[in-house]
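Supplied in structure tokens, the structure appears directly below.
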Amino acid sequence: MASTDTTDDILKARQAYNETLTAAQDKRRATWFPLLLLALLAALPALQFAGNYNYLLHLVLYTLCYVVMASGWNILGGYAGYISLGHNVFFAVGGYFAGMMFARLGISTIILAPLAGLVAGLLGYMIGLITLRVRGPSFIISSLALVMIVRIGFENWHFVGGAAGVSLPANGLPVQWAKLPYYYAFLVMAAVALWASYRIRHSKFGLGLRAISKDEVKAESAGIDTRFYKVLAFAISAFFVGMAGAVWGEYLTYIRPNIFLVILISVNMVLMCILGGKGTVAGPALGAVLIVAFNEFFVATLGASAINILATGLIMALALMFFPLGIVGTLARHRKLPRFLNWD
Amino acid sequence: MTELLQVTDVVAGYGDGPAILNGASVTVQPGKVHCIIGPNGAGKSTLLKAICGMLRIRQGAVRFKGDSLVGLRPDQVLRRGICFVPQERALFPKMTVRENLRMGGFSLTDTTDLERRIDEIEDRFPILRDRRDQHAGTMSGGQQQTLAMARTMILKPDIVMLDEPSLGLAPKIVQEVFGIMQVMAEAGITILIVEQNALMGLKHADWGVVLDLGRTLFEGPAAEVLADPRIQELYLGGKKVA
Amino acid sequence: MAAIIQIVVLGLALGGVYALMGSGLSLIFGVMRIVNLAHPALIMSGAYVAYWGFRLWGLDPFVMLPVAMVILAATGVLLYKLVFEREAKSARYSEMTVLLTFAVAMVLEGALATAFTNTQRVTSPGYATDAFFIGSVFIPKGQLYAGITSLVIIGLLALFLKFSRFGYAIRATTQNREAAELLGVNVNLVGLVSFAIGVALAGAAGSLVSFVFSFFPSKHWEWIAVLMSLVVLGGMGSILGTVVAAYLLSVVAAFVGFFFGATWSTLTFYLALFVVLLVRPQGLFGEKPELA
């Protein structure tokens, strides 16, 4: 393009522009907000001294569980761009592994959770080696088939109780405090998941994943070991989902195929990320809050699970059509993202 | 001199993306061969796609025989008499050669003489008759290009636009492709061709258009373009441009 | 020996129905590059049309079949116009449309379950529980009729695609959308019509399924992977491939069911899907992978 500027002028202008960008980014990031949120949530159970807030604690715990899962899903689906509709498989694997160890050996699932996550991650690594050979729609289809296969497997595996599952003993704490161990377990896991999501996003690994998401062939020709990156992302995301599953089973006091391997759980993970903003750190957390609140609203007002499915599908369709970047993504694109939501 | 097609200061791009064309202009005279040259990413193919209606024209004018083509769909532009042969994949690989030729006449409202038109094409290019029941996807690259180019003649169009017909072909085959182009030109079809190999393209053309960064830098008789020192330096191998 | 013939016969009888269930899916993928995860839910909708026609007015599912096709074709047009047309220019089209069809499947499931509850249903015309006997081999009448009807419908579709002008346009668009558009095919119209035809085929399949299998709204999830295994094995977008794959897997599943029990016969389809994606992602009849 014809320009009267000298090269020096252009370079100077470019440097100045970059500096304003970094300055703007620093100003928009607010580390205090997630920390404050963490502190508030840690203090929340103190409400039990004032009265019975068991239901509130349950809702927060439930949301935190989904924050862990959606953040985990986001590492593969958001950063690397591989949409999995079968991540509840790892929820189940984590839940069954820890649940069975708990039933047989009496070791608390909260202690077992990292181990259960590793088992799920290892399985994710192996499944990833197979299914990540295809991408796009084929990968999505393979993830659906995986759920079907695993569900048939668990329903017919007598050692883990088949379709009836296994009951787990409840902890001996008074009702008022019974939820607390799980509550704090999920709070810690959610914090770790978000921190890991942040660290991955800012690492060379995360950069590679995002390159894969944009254009895998180019990423590969740029020297990224795409296969290893993808499979590792699959394993890490399975790790977090498996950890959440481990504690979830003990919290519910039973493990059964139809609490882990229902399609709605997979959909929720996907939907939370899409609605909140796939590929961002805060998006999955925001999405989890919204979807849980929304589900509660529907169950409370309409009661029927059929309508819940209908409404979830409708929201998913509308979000995809009108907000494909999600709330965080859309706001960030228009540079209107409030500081407290910029966790990237 | 009357222009058949006049493209003036066109701005266009893909979807919501940035504009690839930023003021491209071309003057197309009847019966001549026009060659568009320029570096990679100059917007050569984009210009052809904008003319034929595959891309929305954001600004500027495209007038064909005095009528505006802006806002028309590809099938409407085709019916006005402009054919576009895209880069590489222009055929239906699992249809036979004959079926591919028949698809070439898809836009005809009167199909009574379609078979006769196809026979004419086969007379001109006997290889297509030899291969008529073979799937197009199983032919060699040169044969496929022959079919893609010959197919346009079924419609007896005013203008045929060719997007790098020589891409990926052996030098000997490239000569054949330019030969086909000459046959088309002799049949009275006006040609607008995009060519990566500027020297080769201009040698076979009457008119040259130089595109860079989405704008027309220069257009004129092919011999003048070839001789122009700027062009020599920038695009014909005098000086390497990144 | 008789047992083996019996298994093959049962497998073939069901194969036709699977072929029809999968062919609409294959057509829509071929033309639009949409992996329609809502297809089984649409089949389910067709099954309900036939069910209520029989239950309320005593109309035979074969009478309700054209009705279901018309109703579903209209649904298809509506879906295409509301949801998919505007996605045509989307940057991540294929991924976007898969998720959208998934959302549509949930909406359909939720709507059906709200309207008709999750009670297990089956249409029960007389022939559904009757059978022909050839020697010691029996052929269930319902499955036989359904299988033959499926083949007739698929045959009509093939004739339409092979010989009609619009069929030419559909095949051309399937093979090379850009070239078809440049030769004067209105690809958007082709997309709309093929989508409507594909969904109408779901309606036809649904009417037949209504007396072959028992069904309830959330059962469509089981069918998704089954149908996907057919189109993936056959080569995405190849209707002939889908038909061959349907017969092949149906017979294999019948054998698995015979030797290991019914639970494992459905597993055949899911495992086949996995193995095909692993070994030959382009399927039996696909020439190159259309995966991205």
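Things to note:
In order of appearance the chains are A, B and C, and numbering begins at 1 in each one.
Here is the rule we use: a contact is a pair of C-beta atoms (placed from the backbone, for glycine too) under 8 Å apart; a residue touches a chain by one contact, two chains touch by 3 or more.
Source: prediction; values computed, not measured.
With centres taken as mean C-alpha coordinates, the chain found closest to the middle of all protein C-alpha atoms is C. Two chains share more touching C-beta pairs than any other pair, namely A-C. Note on chain placement: the centre of chain A and the centre of chain B lie 50 Å apart, centres being C-alpha means. The geometric centre of chain A is 33 Å away from that of chain C, both derived from CA atoms. Between chain B and chain C, the centres computed from C-alpha atoms are 41 Å apart.
For chain B, residues touching at least two other chains: there are none. Touching chain C in their complex are the following residues of chain A: 81, 83, 85, 130-131, 133-142, 144-146, 148-149, 152, 155-156, 216, 263, 267, 270, 274, 304, 306-314, 316-317, 320-321, 324.
In the complex of the two chains, the chain B residues touching chain C come out as 15, 52, 54, 73-75, 78-79, 83-86, 89-95, 99, 102-104, 106-107, 137, 151. Chain C contributes residues 89, 91, 165, 168-169, 171-172, 175-176, 178-186, 287 to its touches with chain B in the complex. On chain C, the positions that touch chain A within their shared complex are 35, 37, 83, 86-87, 90, 94-96, 98-100, 102-111, 113-114, 117-118, 217, 221-222, 224-225, 228-229, 232, 263-264, 266-267, 270-271, 273-274, 277-278, 281, 289, 291-292.
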